[in-house]
Amino acid sequence: MSDVIDEPTVLTPLRGKRLGPLFWVCVGWLALNVLAAILANFLPLIDPLFQNYNVINAGPSLHHLLGTDDLGRDILSRIVFGSRVSLAVGSGAMLIGFGVGMPLGMLAAYRRGRFDSILTAVMYVLLAFPAIIAVIAVISFWTPRTLLKIIIVIGLASVPLVYRVIRGATLAVATKDYVIAAQVQGCTDRRILFRELLPNIAPIAVSFLLIGVATVVTLEGALAFLGLSVNPPTPSWGNMINESRTVMAQNPWLVIFPSLALCLFLLCLNFIGDRLRSYFDVTEVKL
Amino acid sequence: MLKYMVRRLVMLVGIVFVISVGSFYLIHLLPGDPATVILGTGASPANRAILYKQLGLNKPIIEQYFIWIGNVLHGNLGTSFISQTSVASTIRTAFPIDLELIILSQVLAFAAAIPLAMRSARKPNGFLDRVLSAGSFTLLSIPPFIIIVLLVLFISIKLGVNNTGPSSFVPFTSDWVINLESLSLPAFTLAIASFVVYFRILRSDMIATLQEEFITMARSKGLSRRRIMWRHAFRPSSVALLGTAGVNIGGLLAGSFVVQYLLGIPGLGYTLIAGIASSDYLLVQGIVLVVSVGVVLINFFFDFIISLVDPRISRE
Amino acid sequence: MSDHRTPLLKVRDLTVTFGKGTRSVSAVAGVSFDVYEGETLGLVGESGCGKSTTGKALMKIVAPTSGSIELNGVDITHQRGRALRHARTHMQMIFQDPISSLNPRRRVRSIVAEPLDAWKTASGAERDRIVNDLLNKVGIDPEVYGNRYARQFSGGQCQRISIARSLAMRPQMLICDEVVSALDVSVQAQILNLLEDLKAEYGLTLLFIAHDLAVVKNISDRVAVMYLGKICEIGPSDTLYETPGHPYTQFLLGAALEADPDSVDAGTVLEGEPPSPHDPPSGCRFRTRCPFATERCAAEEPQLREVAVGHQVACHYPFAAA
Amino acid sequence: MTDRLLVVENLRTTFRTVSGVIPAVGGVSFDLGANETLGIVGESGSGKTVLARTIMGLQPRTNIEVSGSVLLNGQQVVGASERVMREMWATQVAMVFQDPMTSLNPVMRIGRQIDETLRVRLGMDRRAARARAIELLNMVGIPSAEARYRAFPTELSGGMRQRVVIATALACSPKLLIADEPTTGLDVTIQSQILNLLDSLKQQLDMSVILITHDLGVVATRTSRIIVMYAGQIVEMGATRDIFHHHRMRYTRALLDSSPKVANPSHTRLAVIPGRPPNLSTLPPGCHFAPRCAFATEQCHRERPTLQAADSPGHVFACWNPLAASTNEGDSTR
């Protein structure tokens, strides 16, 4: 060509933004939680159901690092085993929520038209229904209660929310010129969904997923607190806090340790989600 | 504007209808015979017969709905088979407690969130902003049921403050001082949860608004900073805040069951949990219906306020 | 002038209506024109006149409400699915906003290769050769910049990459929708020259949509002027600019600012603003702002009539050619 | 120099960012008389908008360094506190922003946005402010101003909004109006209307105007003097006629030649400036334009040229190999 060409310079420094060390600390803590939950049976832990009447309501000691409860059960072991419930409900419910809500949201925003308006109207009505109450009502009347049922109910209840977020995120991308450009080049819808839309929605989806897991874990905690989650004696963070309320005047550790475990877990999830959002510059969509 | 409100109103009626159908059919979604669900397995045939008659369970399902909705529209939500009391009157005594909790907590939350968010947004990443942001972030990760447990542990048990512990609730009409004392911890807990959300949303929207050209324009008119913050920046930044507040307050309607349950405050949430525990199906159905309609009305109200705050919304 | 040639693109009575009932807007209200093989047709008008919508309707990015579009003698108006996708490879479009035209999360090479991959027309070494060739043609060194992300480039460079991508399937026609209006003057000239060079090299036919009269004249063989969804004048660019037949064209030319302190201001500035397309004026759409309007203009809609060879004007009282 | 309304001396505005120090305005000096219209022309990134905001004292105060001097009606702007500036804004100097879509508050009725200034700054009561606001709306050519007083910005077209912005800026009769790309994004016919309006208001209200634009056409017939900026510095300044017909700086020539002209026949090959405006954080040591200049010598790459006087008074340029001083009228327009 006759024109001398301008030298491309890096306009936006790619690695200018950093996730920071705290981010990796959080990732590490979460990974530790997950690993401990998976490998709990192989760890040198005391049986969480074993009741040692010699040490009741004991404070932290070498033998029981976080002490024991009013039945002499080891708190550390119960916290580790209890995390399984939180993790299972959090990841399972979000798997259902995203598995159903995400494809629907993406399709609706990309296709628009009648499909979108009907689906969005349905979701709008579902959102108006107070999800927590519906979840409580269904869980309590759908007996007998099992972990799987809890996961399914919470998962389905989260679908409208996931749908709304993903649809909004997709809508912001689907109107961009490069999506139209891909149509103009004769790309199939499938190709556009996977190659143009998905990579741009993924960051939003991931950070919302993390926040969603945090919300579901909180909800499970609240359900357990009300005695509506897994049945005792199976430990979960929520029912541990609930059970120890009666004795918390004598042994505050019983409340504080599981609370701390839950809060740290949530803090890490929220922090990672928040960092990812600012890292990927997700500003256009309100979560 | 009028057109917009009419459109929203039509939508509102539609949603309320769908909710009523949903609440009604809730029972048919559950496995087993409705009479068994409502009365439990050990019910006498006489009771079953009464129930069948009361709900018209042997009639076609559409007709059942119309019988039911007719009763509901007359304020009759049925009579609980467990407590033998009218569901509607139970809800009427419980609801004011929720209302009081909501008002107390929201006044606290807004009173703290709005000035702090505006302060924070003025110097993003300044000292105050960092402290507040980190603080709100931490609070975000503490579920309300932990906050209330810790508050009870430290304030009513360790410090022994009167009338703040479990089962110290007294109705407002009998002794309003004790009533307020007994609601102080739950109201504070709910206020914290709301504050965190409001603060974070308003802060980020304020920061975005303050970078808008019309703020520079307002400065170039020589207006005071105070005037720019309140007259020019606050209103366009409050749309998301109001929307979230609508959802949040709707969620608090019976959503505060955790604090109510812990402290034995007989609001809607407590009644709901108690109803669930005693398998009082009609009571649960009544609360689900009332709360859902309440949520929709609250959202409608906030949508209306938003359209007043931002004229662009009703015009699109 | 060009009537003996065969039209590559034939547009007849194209309308695009958004919305329904009383709130509907006819963005394009019956537009007919031909684009001949190898020529550049400029489409000029102010914002909201429907020029961009026309371009998008030709690509069927927005659905035409009525009328017909013929490409190469094939009616594509009602084509769907694979047939439509195939037709689109003959006719490509470049957009106004160069930054948003490129997926920020993909690399330059994969962006340019996208049409080849989508159609599986080339793979392996052949694909790389085509991509390198295209990038070289638009002046982006593939060795140095091929693996960069699109977001690392400036507006002018993004526009070059867009052009390279649009040429990958060897289209016959390019629709350029305000492709230089977001660029700096110096970069704008680079892109305009590049388009001229590529047009000659690839034997392209261009539909060049823009609001800038000077830019349009510079690149076009013929120019069509649009006002409120209709073409009011069309003709060879030199003729149209020298002896405009429609009062609107004349006002438009008068308002175009020349970079010359001695240029006499046209003096008469067009007053008012275009009426709402919700409720266009009866008869001639320009009559509400036209100082020469008569009762006939309100009663009767003027049709495009030939005032000179290849020069058509839709006005009851066109200016006589000098 | 007392008759000068605005005296800018060696003004520098530097941004400190994560990716380095950006000298957005790198030592600019000029002055402006009463009732004069000065054009500032430059491509994006040339520093013209930053210059305007620095003169206004409107820059944000963090991560920015301003040095030099800006005397506005005898008062120093550089280093002045926001409180001092607040006294000058609107009454001494006002600004018309580029994008009328974003420079009006979307949730405030336009009448309120105008009379707010009148009430706060001039202490008018509600009724008087309202009357004056409607008067101003009439003055900037808004039809049925009474009714439009209660309109929201979204209910107006782009051209109308820009008129409202102008009315707001003129509410307190400033002595200097800075218009930053006031017609970019507006249609050509509306653009003429707005430029004519600014011109007539300038006469009517006896103020000075700085007209900032990237489009030479905008400043050609409506200014008495022009500054050409490149990479944060003035590269040529002079009477409008001199800039168009007797320019000496090669960048000015290139800028004129690279824009297409209506008068030229179709398919006129455009003269191209290779490359694009430089990255301000990595400026070369020599002339900033040298990397893109076809006539650059070794000296140009090594040493930065300073402004030197041309033949006509007030005409200066910064170039080591300037164009010949003879008239180059023919080249610029053909």
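As written, the chain order gives the labels A, B, C and D, with residue 1 at the start of each chain.
Note that in this section contacts are C-beta pairs under 8 Å (C-beta built on N, C-alpha and C of every residue); 3 or more make two chains touch, one makes a residue touch a chain.
Please read all numbers here as calculations on a predicted model, not as lab measurements.
For chain C, the chain whose average C-alpha position is most distant is B.
More C-beta pairs touch across one of A-B and B-D than the other; that pair is A-B. With centres defined as mean CA coordinates, chain C is found 54 Å away from chain B.
Centre-to-centre separation of chain A and chain B, using mean CA positions: 23 Å.
Annotation for chain D: residues 272, 274, 276 touch two or more other chains. For chain C, the set of residues touching two or more other chains reads 154, 156, 187, 190, 193. Residue positions of chain B with contacts to 2 or more other chains are absent.
Contacts from chain D toward chain C in the complex involve residues 43-44, 157-160, 187-193, 196, 214-218, 220-221, 240-241, 244-245, 254-256, 258-274, 276-277, 292, 332-333. Residues of chain C that touch chain A in their complex: 59, 61, 85-86, 88-89, 92-93, 95-97, 100-106, 114-115, 118-119, 137-141, 145, 148-149, 151-154, 156-157, 162, 165-166, 168-169, 187, 190, 193-194, 197.
Across the complex, chain B meets chain A through its residues 14-15, 18-19, 22, 26, 29-31, 37, 137-138, 140-146, 149-150, 152-153, 157, 208, 240, 250-251, 253-255, 257-258, 261-262, 272-273, 276-277, 279, 281, 284, 287-288, 291-292, 295-296, 299. Those residues of chain A that touch chain C in the complex are listed here as 1-3, 5-6, 8-12, 14, 176-178, 180-188, 191, 195-196, 199-200.
On the side of chain A, the complex with chain B involves touching residues 124-125, 128-130, 132-134, 136-138, 140-142, 214, 218, 221-222, 225-226, 228, 238, 241, 245, 248-249, 252, 255-256, 259, 262-263, 266-267, 269-271, 274, 283, 286.
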